[in-house]
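Okay, structure first, notes after.
The first chain written gets the first letter, and so on, giving A, B, C, D and E; residue counts start at 1 in each chain.
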Amino acid sequence: MDIATVVGLVGAFGLVVWGIMLGGSLNEFWDAPSAAIVMGGTLAVLLVSFPMAQVMSLVKVMKKTLFATPQDPGAVITKMVRYAERARREGMLALEEESEEEPDQFLRKGLRLAVDGTDPQLLEKILETDIGQIEARHKSGKAILDSGGTFAPAFGMIGTLIGLINMLSALEDPSTIGAGMATALITTFYGALIANAFFLPLATKLEVRSGEEILVKEMVIDGIMAIQSGDSPRIVEEKLKSFLSPTQRSVADDAKQQAA
Amino acid sequence: MDIATVVGLVGAFGLVVWGIMLGGSLNEFWDAPSAAIVMGGTLAVLLVSFPMAQVMSLVKVMKKTLFATPQDPGAVITKMVRYAERARREGMLALEEESEEEPDQFLRKGLRLAVDGTDPQLLEKILETDIGQIEARHKSGKAILDSGGTFAPAFGMIGTLIGLINMLSALEDPSTIGAGMATALITTFYGALIANAFFLPLATKLEVRSGEEILVKEMVIDGIMAIQSGDSPRIVEEKLKSFLSPTQRSVADDAKQQAA
Amino acid sequence: MDIATVVGLVGAFGLVVWGIMLGGSLNEFWDAPSAAIVMGGTLAVLLVSFPMAQVMSLVKVMKKTLFATPQDPGAVITKMVRYAERARREGMLALEEESEEEPDQFLRKGLRLAVDGTDPQLLEKILETDIGQIEARHKSGKAILDSGGTFAPAFGMIGTLIGLINMLSALEDPSTIGAGMATALITTFYGALIANAFFLPLATKLEVRSGEEILVKEMVIDGIMAIQSGDSPRIVEEKLKSFLSPTQRSVADDAKQQAA
Amino acid sequence: MDIATVVGLVGAFGLVVWGIMLGGSLNEFWDAPSAAIVMGGTLAVLLVSFPMAQVMSLVKVMKKTLFATPQDPGAVITKMVRYAERARREGMLALEEESEEEPDQFLRKGLRLAVDGTDPQLLEKILETDIGQIEARHKSGKAILDSGGTFAPAFGMIGTLIGLINMLSALEDPSTIGAGMATALITTFYGALIANAFFLPLATKLEVRSGEEILVKEMVIDGIMAIQSGDSPRIVEEKLKSFLSPTQRSVADDAKQQAA
Amino acid sequence: MDIATVVGLVGAFGLVVWGIMLGGSLNEFWDAPSAAIVMGGTLAVLLVSFPMAQVMSLVKVMKKTLFATPQDPGAVITKMVRYAERARREGMLALEEESEEEPDQFLRKGLRLAVDGTDPQLLEKILETDIGQIEARHKSGKAILDSGGTFAPAFGMIGTLIGLINMLSALEDPSTIGAGMATALITTFYGALIANAFFLPLATKLEVRSGEEILVKEMVIDGIMAIQSGDSPRIVEEKLKSFLSPTQRSVADDAKQQAA
């Protein structure tokens, strides 16, 4: 669970609700037709913009990358070193058993390929292709979220224009202008809110998390190839640590000492 | 038929119509001169911006890439494997007959070139040049749609300025301000609507579909060259599957088993 | 004469004039001081932004690339093939006569260099340098038009601010607000109109036309070098056709058959 | 202490406070709920956009690069030359003592690696990796500040919309419009102010300072490698001066003569 | 003196003053606190954004590149050819005397290095480093001017918000709204004016002039290296002319004939 994402979303929407209730009531800010135009309209043009399958997979991508806790690179190193030790002691075939219990799908696939004696170059190509697919999925997810951040305010403005034109055409009693304007502005408010408190920040987080996830996957590939080529556990560790920043490295060292 | 595009367009415009009718009548939102200024003005500056031939071909490009169902890469592989089998059993010339019944123009051309014994390098160059032309057509189509998405709101604003200036110059009876403002805002509404519910999402879809279409065409080139060089059907299949994502691969496998 | 450019410009400005006259009179939209601030201000800052010589040459560049009909690549091929035939039959020197009657300056220069027996590499370098200069001129022209599209609305806004401040400072008779606002908005209207119906579309067209003109010039260089190296007319034709899209190629073939 | 940053921040906020007090009182511009929505909302969406650790480290990055005086490249050269002299006279091991007193962490690490007889290629790789980490930290810091500069005005607008809708819904006494509008506009004011007087200029300064810091670190790497390879102090000086602009070079020369 | 820059600046500001005086008096447009907020605020955040030294050197860079007449490339060629003739007749040492009278600092430095018999590669490297420093200075100058063009309208808006909030909070006598609004809008006007009539066009001119100045300096390097290697004056001339466009070349030829 990525706590910052949840805290941030709750915080942003909570502050807005609190701000509304200080000076009025939430009722005045809920207007079902306005919500239908802004959210429905945004969803509709996202369907025009992207193939159905990509829009569908967005929910899964977001669940995996935005709300799941990212894999700790240090823990991955510890695990790879353990595999390297076992492979050294008992041979590659001993990893078959490990691969069955490995929860991470990508690492499991890599271990199996290695256990099966797949040619190292082919093994690397297969896993790199998988990374490429994941990257493409993330990139398409970010493009959809960015588009949402552009279209939501646009449909907010379209809704406000509809409200204004309706109100101005029927302008007989000037005392109703206030309420009419308020309703018209609600769609602009919805559009601005979901763009800035939902679509745009999630698009950025998806990009950052994507980079982290791919880094860990690259570490896994390097680790499996090192194990397969018979490197000693110490060398596997050294190779994988070169992926880490100094801070991460010392954290990983601490974790290792605690584990020892 | 790309259902998402149609559903999205119908949904976006339908929601807007529904939103209008909730608070007023459609009549108030139809103003022929406003439509003429926004749509006519946008079309006119697109003609200034792009050569006539490119603007003309946009309709054809859109029909092909936005409303047609994209070719299923799995089906293309199945077909190429069938051709490979026949070529193995009966020789390249047997494909002449197939090429006459092949509905896809690009694949038909490739088959004929292969049957005619065209030099592989020349065959690749000819087909790659065709892909280059298709890509250029898509790119120019996207540029026109993007320009439409920029100029439509601009002419919406120009129309609103005309309406405002006319209204303000003739301001005698303040009670008519409401109706005048409403009419003036209609062009802004038209410009925002056709930019955000038509031009911009279609420009994005065109780009996505273009990438998919070109991927399939690259697969066709690789497949024909493999068949021509006498690869076994199994190798042709392996080569073409490397273009697919894991999900697409398992879908293709299922399709194959069902066909078997 | 590039008809689309003229039709588009006439159409865009015509629609605006028609829109104005539907609801008022053209008189109300003509304000000489407003025009002076928007157009004069834009021109002044273009002079600050670009060297005088570049601003001067813009008119010439626009005349050549925006209103002139672009050279038909098919016609250029036909001409180059004719030169190739004559050079084959009567020798390179026979082209001297042709070069004197050749209306296209760039082709004439190329022919003369070839007739003079200029070293092929030097000939190519000289003509490529000329293309580079033309490209630089087009690029600087596009930059000026794009700047015009940015500064015109800015000066429109500056003019409107002047009008508003003047009107608000002298606000005594509220009934004059309408007329004052109308006059103030005219500069915004001028700025939006000349940016979106003149500067920005012409900048795009200049870029497109520049690409076409340079493609034809590249064809001329390749053609002259092929003729100089003694290629047969058929090979010259094949080489130059590789520059064309399939559609253009079939058009060129039709033209050739009609000529035959 | 980077005086320009401090003077600029104090100046910008001071001018705004002075401008407020000329025409009213600061009290009217302080509204705690508005501040909570703009600042809290911006912070919340920054947490959604970036991993918690990156947001946390921003404060440290800013303290180091924005308020600390950057290292003077001339002083670094003087120091490196002194080290080169000592290494020449007394051997590399004499630098061990120096390294213990060296305040700059990066230079100290480099000296120790050199004293330990680390292979030059490995030494360079280790230090370059450190620079890469610093660069990544600066880049992520700049991305967060830039996002702050985008989200602060957006939450300013969201706050103003809340205020306007609340005011318009409850519009009974038109004489309260003025005060309601004033309060509504305060969030727009806060958003514009912290974006333009805090986030955006600090993002630019961070980028500039990052470039300077990394240049000095590159100088340190080159200097240590030159010392390790036994270059004479004069050559070390020449090598490092090639990093400086002519102005910096003459300043460095003056400093050296004064020191002499 | 670059006349276009001066004419353009005078023209843009003159038109605005004329436009103001047509409908009111200059007095109403002068408000010292507004000017202090826009100009002071912009300067303050430029100090936050860029190191003090870079902001300081901007004035010098602007004086040199925006108001000085750029060096005529034709005149530079004529001069280089003269040096080449003298070097041929009397040997390199004869250029020592010339170098003392040469007004252009960069060319003087190059001549001295050549007279001193500096190794050609070293000579090129030294002069290219100087060009690199000049380019960096221009680039930083353009970045500052571009930032000014972004921050000036932002502080204009901040000033207007201060004015509006002050006015609305104290709204008792509705008849004073006009004057209050007018004063509030003056800062927006100042921001728009100095961004569009000063910062942004000067940023563009600086970029264009920078390209021209560096081209001439590259010519000087090539010329000195040709002279040093003993090229004949004719070859020096040919080499340098390859930098010019055809138009510049014929102008240079005319100049030479007049000189002859």
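Simple rule for what comes next: a contact is a pair of C-beta atoms (placed from the backbone, for glycine too) under 8 Å apart; a residue touches a chain by one contact, two chains touch by 3 or more.
Not measured: the values here are computed from a predicted model.
Asker: Shared touching chains for chain A and chain E?
Answerer: D
Asker: Over the chains that touch one another, what is the least number of steps taking chain C to chain E?
Answerer: 1
Asker: I'd like to verify one number: the distance from the centre of chain A to the centre of chain B, where each centre is the average of its C-alpha atoms, in whole angstrom.
Answerer: It comes to 28 Å between the two C-alpha centres.
Asker: Between chain B and chain E, what is the gap in Å from one C-alpha centre to the other?
Answerer: About 46 Å, centre to centre.
Asker: Name the ring's chains in order, please, starting from chain A and stepping to chain D first.
Answerer: Chains encountered around the ring, chain A first and chain D next: A, D, E, C, B.
Asker: Which residues of chain C touch chain B in the complex?
Answerer: Touching chain B: residues 2-5, 7-9, 11-12, 15-16, 18-20, 22-24, 28-29, 70, 177-179, 181-182, 185-186, 188-189, 192-193, 195-197, 200-202, 204-205, 208-209, 212, 242, 245-246 of chain C.
Asker: Within their complex, state which residues of chain A touch chain B.
Answerer: Per the touch definition, chain A meets chain B at residues 33, 36-37, 40-41, 43-52, 54-55, 129-130, 133, 136, 143, 147, 150-151, 154-155, 157-159, 161-171.
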